[in-house]
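Remarks on the structure that follows.
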Amino acid sequence: MFFHRQELQHTVKPERPDAVYARKLQEVLGGQYGEITVAMQYGFQSWNAHMPGKYRDLLYGIGAEEMGHVEMLATMIAQLLEDAPLGVTEGAMQNDPTVAAIIGGTDPQQAIVSGAGARPVDSNGNPWNAGYVTASGNMLADFTANANAEMQGRVQVARLYHMTDDPGVRDLLSFLLARDTMHQNQWIAAAQELREEGVEDLPVPSTFPLGKEERAVSYQYINFSDGQAAAEGSWASGPTPDGKGEFEYVAEPPAGVPAPPPTNPDVRFHGT
Amino acid sequence: MFFHRQELQHTVKPERPDAVYARKLQEVLGGQYGEITVAMQYGFQSWNAHMPGKYRDLLYGIGAEEMGHVEMLATMIAQLLEDAPLGVTEGAMQNDPTVAAIIGGTDPQQAIVSGAGARPVDSNGNPWNAGYVTASGNMLADFTANANAEMQGRVQVARLYHMTDDPGVRDLLSFLLARDTMHQNQWIAAAQELREEGVEDLPVPSTFPLGKEERAVSYQYINFSDGQAAAEGSWASGPTPDGKGEFEYVAEPPAGVPAPPPTNPDVRFHGT
Amino acid sequence: MFFHRQELQHTVKPERPDAVYARKLQEVLGGQYGEITVAMQYGFQSWNAHMPGKYRDLLYGIGAEEMGHVEMLATMIAQLLEDAPLGVTEGAMQNDPTVAAIIGGTDPQQAIVSGAGARPVDSNGNPWNAGYVTASGNMLADFTANANAEMQGRVQVARLYHMTDDPGVRDLLSFLLARDTMHQNQWIAAAQELREEGVEDLPVPSTFPLGKEERAVSYQYINFSDGQAAAEGSWASGPTPDGKGEFEYVAEPPAGVPAPPPTNPDVRFHGT
Amino acid sequence: MFFHRQELQHTVKPERPDAVYARKLQEVLGGQYGEITVAMQYGFQSWNAHMPGKYRDLLYGIGAEEMGHVEMLATMIAQLLEDAPLGVTEGAMQNDPTVAAIIGGTDPQQAIVSGAGARPVDSNGNPWNAGYVTASGNMLADFTANANAEMQGRVQVARLYHMTDDPGVRDLLSFLLARDTMHQNQWIAAAQELREEGVEDLPVPSTFPLGKEERAVSYQYINFSDGQAAAEGSWASGPTPDGKGEFEYVAEPPAGVPAPPPTNPDVRFHGT
Amino acid sequence: MFFHRQELQHTVKPERPDAVYARKLQEVLGGQYGEITVAMQYGFQSWNAHMPGKYRDLLYGIGAEEMGHVEMLATMIAQLLEDAPLGVTEGAMQNDPTVAAIIGGTDPQQAIVSGAGARPVDSNGNPWNAGYVTASGNMLADFTANANAEMQGRVQVARLYHMTDDPGVRDLLSFLLARDTMHQNQWIAAAQELREEGVEDLPVPSTFPLGKEERAVSYQYINFSDGQAAAEGSWASGPTPDGKGEFEYVAEPPAGVPAPPPTNPDVRFHGT
Amino acid sequence: MFFHRQELQHTVKPERPDAVYARKLQEVLGGQYGEITVAMQYGFQSWNAHMPGKYRDLLYGIGAEEMGHVEMLATMIAQLLEDAPLGVTEGAMQNDPTVAAIIGGTDPQQAIVSGAGARPVDSNGNPWNAGYVTASGNMLADFTANANAEMQGRVQVARLYHMTDDPGVRDLLSFLLARDTMHQNQWIAAAQELREEGVEDLPVPSTFPLGKEERAVSYQYINFSDGQAAAEGSWASGPTPDGKGEFEYVAEPPAGVPAPPPTNPDVRFHGT
């Protein structure tokens, strides 16, 4: 069960309206790596979890925080739009380049559709969709997905930080950046703990019998391009992170096998 | 530039037709973590890379291999469909439960749209879309995304392995599983090397000045659920993976701040 | 059957080109509540209707009008684009802030893809999709959906009215506003008539036996937030609109029940 | 802020596994009118609200409940899948029509992608997307959208009730049906209260000056089909629900106006 | 303006219910090349046309017919579903393989969402979207798109013809096949006429000055694969269809040019 | 198998940064008719081909070239963004109309998401999706689709040519225009050769027995609009391109047939 309290985790108060920035901020609300994504992702991971205890509690404990981040960003966007020029004017403002420049960078749907409100979309107006969510039932894979999500999210918030000098907006971003710092660290720690406790291991899924994969190519770097610098990396020689092999560098792909003949399906498919 | 050779990296030859399985196999061809995703993802990461050398060569070197995996899976699917019942029959087959059962599990578009051919969609027929791709320009974030993609992909292939006993199909899957093993290991190694070489570090992006984030909450686990088991994890006390702090467990969220008053935009938005 | 006549229901003649506005107008052509939506929605409701007579005739009678509205908006957009700056210029116009400001607010696909023509997309360029359509086979539900669609549509047209002072554009909008006024009134009247004639009733679907729902919670407002003002509303006490109960205010959610233990599926799913 | 408690609002315990039904149940979790939709819809309406007090408290108070409904359905689906045949078998089960029949009706991604877990998708596997959400900033329009959403949702749950005889599943559905009954009634009451209090009125938005719309056609039913039965309805004569006019029946559309000549844009668009 | 008449262009009467086939038929109603696509495509092409007269009249004249095809298919689907098993049963039918086999092949949303009605989706339940529509403003390009659409559509209808033996369904399909025959022929004729009249020519757009393209590679077949059979085709030697050159076969791509160095954007993008 | 070489087919070097143009160029990279589309389309057509030899070699031979075009455009876009204003500034640049005008026309995700990199999206930020791909297994249909794709693509590149005066950008476009010229010619030649060799013929699919379609309407132009100019076209009289009939002009649609009565499905669907 979820409960709501009419408070925010952090102050949300821009110094001045900024409709162009309100559009940009949509990215970390409703984009691929926005707050809706992590809220839903941690939610589905918790509901599909197969073990009670600390890992599931971790998912529950953070998932609800992320819903609050959704709320904070929506609240910020609505305020940035409150007194901003959104194309609703007395006269033909599009002849004034200063105003027109602002209008040009705004999201028209924030004006026409939501009436100066936030929307569940990204900075280009693409509706959020659940194709962004990862919840496989395998926690080592999923916690790696989560670490990535917090990294991508923090990169985006950092970029957004440089796109405004509004102290109120920056104050909120500094809070979100810190929470992303925490969540990056925590998913990395949790992924490590899964391995140390033997819950899961590399290669994921470790429960699939290695004998059933074609081990001859399990640790070969096969180079399908013509640069050779990749041979210098730790992924080209030496022990592998899964502790089960040695990397090998193969400078050119070995000869392949002939492709099978083309298929010839039922004539009533009317192929050629 | 890309070049094509009319060979395959591995034999692609099912023992018998199986249209139900052909549908399932679409997942790792055109799904969220299918081969199209990794081919495009490594491609865009390489074209957007900011450093010449081993990291970019690594992206080039694997990206082209993944395009070949797309081709192998498409070839396998076309063969699985070649002589399979797809609803094209002389009579009213839908009264025969045996045949109907097979038809029921197939992808109707593999019959109607592609005429017994593979399609760039997942196992539910959702068209592949570029919302699956991650390419941020930050390699530590992106390599973590890549490690996740290879983990998710290997989990899916492992599941698919148990859904058939066709030795020809399993032979191809055993090859793909091994390549996923390699690619998991390699992205993990490369991410580690980025840190060791000081190219990037935690928290990502490390180039954002920590002093600008609200450090008081950078290492706090704030528990927004009522389970307490998460306190037992390594993410709740002790040093953080970024080496810059100590985890702290906060059993209940601190009091929030009042939300700002509702916005009151221009009357010509006709809000209420 | 549908027939076309080369006339328009109302004059469509802007006074001057305006590419920025042409983009905005796409919202009520190809957006969530644009004319394509209502044309398709009334169409599918009529084709799936289960009763001949006045309700189905109503759907038929308006559906075809809406297709004409699609045509009027497309015609208007093409004219707004006809002589507008769309980025096709002799020189490097992007150094001129006045022109650049205009360009910045336009839809690049109206230039590159349709060559100064209208497109079946919204004001952010999202293609129209059938996920906007509602046609459940239950007319009370669907007429409520229709009333909502005409309300949302009229709100959007009203906002667009304030974003231009072109008398030709406003003339068309004043016509569309009036038709939305009519259609709002009519769907509300039709929904009411369904109830008065006993075709359907609240709660929808009224044909589902109330005894099979958990009546103890059928009229309880259960407050999952911490504000108490909702207790003042007519939804918190007094008779319910369906005439079958009394509203009750429950200030805090009652204790829940324990969640079931986590699932433990087949090991071959390789979960953790 | 949102908080989570590890309890459910109602018992979630199916009597037996049923993977076919688990797929169907996805509709009311992640479909157009599923629980994710109402959770997000009430959330965005509350964050964009322009008035403090009872209406906003109502949105807050129910929004969080809907997040709990998301959780209950996800939990139910995971249990229905727990011991169900999902295509992971020792041998070639697809030759056995009984098992194949079951497999044919299941969602392959519930097996391959989530490993017997729930997903944020509908019963055809379409990812949930924010194009389903309505939040215009106009409460009379939005509450009508909400009433529709609860009607559509209750129709779908009622249909799903007849598609199973599992007493545990039906027990949960009987609870959800009752809550939908409540929420239908409440949004209808709240919409009525908005009008009675003069916050908003018909036609929505009532704040747009009627004098600016083309009043001559504001109450005309114009029949674009050839059935005449619609003339019998209350929408064809008599006073209009907005109290501002009289319906008029126009049996055939009046003659239109000539369409403007085709546009002739810049030659560099290379049109024909 | 569009007008509706309560008649159909052809009889629509299946002999018996068939829910599995009702799902398949959705493809040519709401799929990539279904009737909604051509109705919208011809509509937008006509509204964006730049010449009055025969070409635009042709688009108008067929566009409205296609809307009638949408209606016929929706009507057929509703009838196929009318008395079909859709999972709504007294008891636990999923244990009976005969019934389960049927259920397995049906579209659950035709039952749950539309209540045995047609939907604006394809045979996998993907909502129709306007990304399927082509309307560039260049008629030679667009008529080629139209010829393709009618070919793809006729291929799909032909395949569907072999998937049923219901004489009523086949009777409708035989009508649609004939209309597709007509429309294929007509777009090919119209494309030819555009060239003969000098309205447009190859290469499209012919109005772009050929001197501005790199003519040295305008007629070279450059072979990026290792098969050599393509050298045998009429596209490898001899005059080109545009009448402006001679095809040339280049067996291997010439050496490329070095890629530019990687980009090095502002440090505040926090790339690596 | 695919191989990559670290060269480009043509020089890719803009003279100066231009973020507005970088956004526009996304259209021909990741739009409906961008390079990703043709790369994937020719790929799936080759993998699903049913004949070895020249036609399949043609598909292979060009498909890989198109992947190289994807790379060239991505490389160009990254360079156009390298030193461009993207909203990352020291101060509040949005008050400077010159800069703001530029920003307003850029893609915010090229800054926030990819950090001044290219993305697999179109010029409005819509992610590329596989609904753009055509691969039916019927080569005459598919080659017509390919001819259309190259025409649409060349129209778009031609329009883009007029939107810049950067000689470096124009140099790349002049190369792409020439390749589009080639590919248009070649698909037209190949389609013609399919007919001449009797592999396939009009109407597509020619393998469907004409006797099974309703021949009475196979060559009738039935005019569903009220313009009469279409009677003047070659599609209204004379021999048909398939060589199997004579066009006939029908100035008004013949009377239709009565629609069947509305359906009346199971009461448990709770329709009205």
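First chain written, first letter: the chains are A, B, C, D, E and F, and each begins at residue 1.
Note that in this section contacts are C-beta pairs under 8 Å (C-beta built on N, C-alpha and C of every residue); 3 or more make two chains touch, one makes a residue touch a chain.
The structure displayed is predicted, hence computed values, not measured ones.
Undergrad: Determine the set of chains touching chain E that also touch chain F.
TA: Common contact partners of chain E and chain F, which must touch each of the two, are A, B, C, D.
Undergrad: How much rotation, in degrees rounded to the nearest 5, is required to superimpose chain A onto chain E on the basis of Cα coordinates?
TA: The two chains, chain A and chain E, differ by a rotation of 180 degrees.
Undergrad: Between D-F and B-D, which chain pair is linked by more C-beta pairs in contact?
TA: Answer by contact count: B-D.
Undergrad: Does the chain C and chain F pair touch with the same residues on each side or with different residues, judged by whether over half of the numbers are shared?
TA: Different: when the shared numbers are divided by all numbers used, the fraction is under half.
Undergrad: Based on CA centres, what chain would you say lies at the far end from chain D?
TA: If we average the C-alpha coordinates per chain, F ends up farthest from chain D.
Undergrad: How many angstrom between the C-alpha centroids of chain C and chain A?
TA: Inter-chain centre distance comes to 30 Å.
Undergrad: Multi-chain contacts in chain C: which residues touch at least two other chains?
TA: 1-9, 32, 48, 52, 55-56, 60-61, 63-65, 68, 75, 78, 88, 97, 100-101, 103-105, 111, 113, 115-117, 121, 124-127, 129, 131, 136-138, 140, 155-156, 158-159, 162, 205, 208, 224-225, 227, 253, 256, 263-265, 268-271
Undergrad: Sort the chain contact graph into one of these: line, ring, star, complete or other.
TA: Contact map by chain: complete.
Undergrad: Looking at the complex, which residues from chain E come into contact with chain F?
TA: 5-13, 32, 52-58, 60-65, 68, 75, 78-79, 81-83, 86, 88, 111, 115-117, 126, 129, 131-132, 134, 136, 138, 140-141, 144-145, 147-148, 151-152, 154-156, 158, 161, 170, 174-175, 177-182, 184-186, 188-190, 192-193, 202-205, 208, 210, 212-225, 227-235, 240-242, 245, 247, 253, 255-260, 263-266, 268-271
Undergrad: Using the touch definition up top, name the residues of chain D that touch chain B in the complex.
TA: My answer: residues 1-6, 48-52, 55-56, 87-92, 94, 97-98, 100-101, 103-105, 107-109, 111-113, 115, 121, 124-127, 136-140, 194, 199-200, 205, 207-208.
Undergrad: In the complex of these two chains, what residues of chain B are touching chain D?
TA: 18, 20-21, 23-24, 27, 31-32, 97-98, 100-105, 122-126, 155-156, 159-160, 162-166, 224-227, 253, 256, 261-265, 267, 269-272
Undergrad: For chain D, which residues count as touching chain A in their complex?
TA: Going by the criterion above, the answer is residues 1-9, 30, 36, 40, 43-44, 47-48, 60-61, 63-65, 67-68, 70-71, 74-75, 78, 113-121, 127-131, 133, 135-138.
Undergrad: What residues of chain C sit close enough to touch chain B in their complex?
TA: Touching chain B from chain C are residues 155, 158-159, 162, 268-270.
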